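What follows is one structure encoded as structure tokens, with my remarks underneath.
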Amino acid sequence: MVDKRQKIIGEDAPLFEHIWKTGKGFYITVSVLGALVLWGLYAYVTQYLNGLTVTGLSRQIFWGVYITNFVFFIGISHAGTFISAVLRVLKAEWRRPISRASELTTVFILLFGVGSVLIDLGRPDRMLYAIRYAHFRSPLLWDVCSITMYLTVSSICLYLALIPDVALLRDLGGKREWFYRILSFGWTGTERQHRRLEKAINFMSILVIPVMITVHTVVSFVFAMTIQPLWHSAIFGPYFVVGAIFSGVASVIVVMAVLRKVYHLEGYIKAVHFNNIGIFLMAMTLLWFYFTFAENITIVYGNEPVHMAIFWSKLTGRFAPLFWLHFVLCFVIPLPILALRRFRTIRGTVIASISIILGMWLERFVIIVPTLTKQRMPVEGAFYIPTWVEWSILAGCISLFMLFYTLFTKVFPIVSIWEIREGREKAVAMVSERVKSYLPEQDTVEAR
Amino acid sequence: MYDGKKIIPGLIIFVALVSFPLWHNVGSGKMNYVPKPKLPADKKECVEPKDYIRTHHKNLLQDWRESVVRKAGTIYVASNKKRYTMSLNRTCMNCHKDKAEFCDQCHNYMGVTNKCWDCHIYPKELKKE
Amino acid sequence: MEFDRRGFLKITGLTLLGLAAKPGWELFSKIEPVELEPGSETLAKKRWAMAVDLKKCWSQEGCRDCIDVCHRIHNVPDLGTLKEEIKWIWQDSYEKVFPEHELEYSEVNYRQKPVMLFCNHCDDPPCVRYCPTRATWKREDGIVMMDFHRCIGCRYCMAGCPYGSRSFNWRDPRPFIKKINLEFPTRTKGVVEKCNFCEERLSQNLLPACVEACKEKALVFGDLKDPESQVRKALQNRIVYQRQPELGTKPKVYYIL
């Protein structure tokens, strides 16, 4: 019995231990997160009973923190797809230990993206009217469709990759065996099943990539399809997608670092992973800067009064502190850290990522609110200061996301065990075959 | 049955507690309560026959709402070929003047909450304020 | 498990029969109430529009008759703050309503004169495009309608309107209505509202309340399709302005200077 268990666990004990060993830290984390979630819930109930008057929103500036949260959370969801799907398609072997953690981020954070919009509604009791009386000419409906599709496809990707690991847990026996047995879907690990799974995962991975691009493009269309100054811009589609991948990958880095520290996964999530993902994040920083620069120089050069009024309010006016703070956080701090090998350590990458996450939330805010202060026919004196309700709900959403994540790690392994083992056993041979196929044949060289 | 001596009495007590509303209402006579909405003295018939209106007044009002608000139609031709204005206040409340004595009698009994009066107003409601 | 084509056809047939039972019963049941509604052709015969004669309006300084009567009969609450105010008609200074007009060298000081603003009931309304539930739509007679029963309060229409014509109920409006008009419902918290060209009065062949209340007869309302209507006569032989016509919304509120 013990032997069988030992055979299944093998040398990967850390990958299983976080499911069984629950330390003091876990209980403290869950209590703190739970308290924050309850506080956020209390804030929402206040809002539900009194109306949106408890927020800082006004007739002039009617979209604020909640819509920022919506765009921000949907943005972060792009990480998972990028790391698990895109890197799989590109055959980057270093994705193996981090693919499940990132896919999980995607699936869970999408719920809060949708939740943020529902929280923002004036009549949430009528939220299903958007489906019952759907008006497909509205970009919000395009959002509903694409986010639903993204959530479905990502969940399927997550589940498919989970099946072999669930089968391992089932084989280990114990109290939860019935649960794992149902979820493992009859997996026995035969060659045939592996091939089928491989095909299915590859198909879903390729499918989810255009869906991912569509989702944040459609979210940007909510703004870009209006005729408000500084929103009505063709650059919003790709700009938002780039910003999404940017903030998403930064979030995954933070998640990776936390999991590595808390669950002692140093053997699996190594410095080289942070290095590789850090290089990619640096490329995204530069790409994000390119889009920001292109957009702003177009505005400045055109010099249209309605646009320039908002532009100056961002650069030197009321929103200048937020604008320049976001620029420092998104570009000035991360770029040297990620570009220079000396600083691109685990700690450096994590610092850069935290800076990027905060900066990207501010970037969404700075896109949404200044246009509303100076949309055509502005009212003097309109200002927006978010209230405790809005901040509490933001804190509640983030806490609930972390809570779901933590509870997930108590039931399923957070590092994909079968992919690590596949990497150990087969990947080295597969990669060397591949590299050989790129180079000229041995016979040809000899014949000459 | 293993542990039968504990399970069966426990089960009986559980079923008794859960079905308390049923047998208490039958015993105390509350089951015989029938809501008595006060009917208007002068009018003898409603827009539709009593049985139809009783089951379908919610759908009727929703159809009226759809028609008045979204299709600009305000005349309703009833099954008896009479014409009525489609209006909660001007037609329905014109006869059933007191909401508390008519509508609420059955609605409170059945635990029905409707949101009509969140927006629509009828005179008696204001007089009470 | 044996399940052949015959069995499948049998089950499908029974299912369809079962599904058809209720509609079939209703089709042949005794009660068949019939509703009359004006068809789209009837409505489309009219095209409502408003003309604001600015000079007549300016002859009375500080006048708020149109605003007061509109807000009174439509139970528009007075919330008192810029943050939460709800307005169906309001006024703003000329230089802000028509920022494209070159006023630097004009003789009369038009800049601070008040201009009355409403929902423009555009021919190509952006707000209608963005509503996810079709709680706002353009009726065939030109009025951009609002269905308070269906609005979910997402405020996308407010983001779409380039004129700032729409207001949102941030809280329950009833405590803030001075004197409730029994003839018109109030709204609940969480829905968007705006001027509706008094469509409830138009259906009874009455003019909008603001038009009737204006003592100077500065507001002219009528049917653009009728060459003899007041509004057509007001627009003849005059130079007429609209708010931001370059946006392509084709507003139906005209300003005559």
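Letters are used for the chains, namely A, B and C, taken in the order the chains are written, and counting of residues starts over at 1 for each.
We take it that a residue touches a chain if its C-beta (ideal position, glycine included) is under 8 Å from a C-beta of that chain, and two chains touch if they have at least 3 such contacts.
Computed from a predicted structure; not experimentally measured.
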{"item": "Chain whose Cα mean lies nearest the overall Cα mean", "value": "A"}
{"item": "Among all chain pairs, the one with the most C-beta contacts", "value": "A-C"}
{"item": "For chain B paired with chain C, centre-to-centre distance based on mean C-alpha positions, whole Å", "value": "34"}
{"item": "Distance between the centres, which are taken as Cα means, of chain B and chain A, whole angstrom", "value": "49"}
{"item": "Averaged-CA centre spacing for the pair chain C and chain A, given as whole angstrom", "value": "41"}
{"item": "Shared interface positions of chain C, touching two or more other chains", "value": "188"}
{"item": "Numbers and ranges of chain A residues touching at least 2 other chains", "value": "none"}
{"item": "Footprint of chain A on chain C - complex, ascending", "value": "82-86, 92, 96-97, 99, 126, 129-135, 150-156, 158-160, 162-164, 167-172, 188-192, 244, 247"}
{"item": "Residue ranges of chain B in contact with chain C within the complex", "value": "48-49, 52, 63, 65, 67, 69-79, 86, 89, 115, 118-123, 126"}
{"item": "Contact footprint of chain B on chain C as seen in their complex", "value": "30-38, 43, 137, 139, 145, 147-149, 180, 182, 185-188, 203"}
{"item": "Touching residues (chain side chain A, partner chain C) in the complex", "value": "50-53, 57-60, 62-63, 117, 120-124, 126-127, 129-130, 132-135, 137-141, 144, 222-223, 225-228, 305, 372, 375-379, 381-382"}
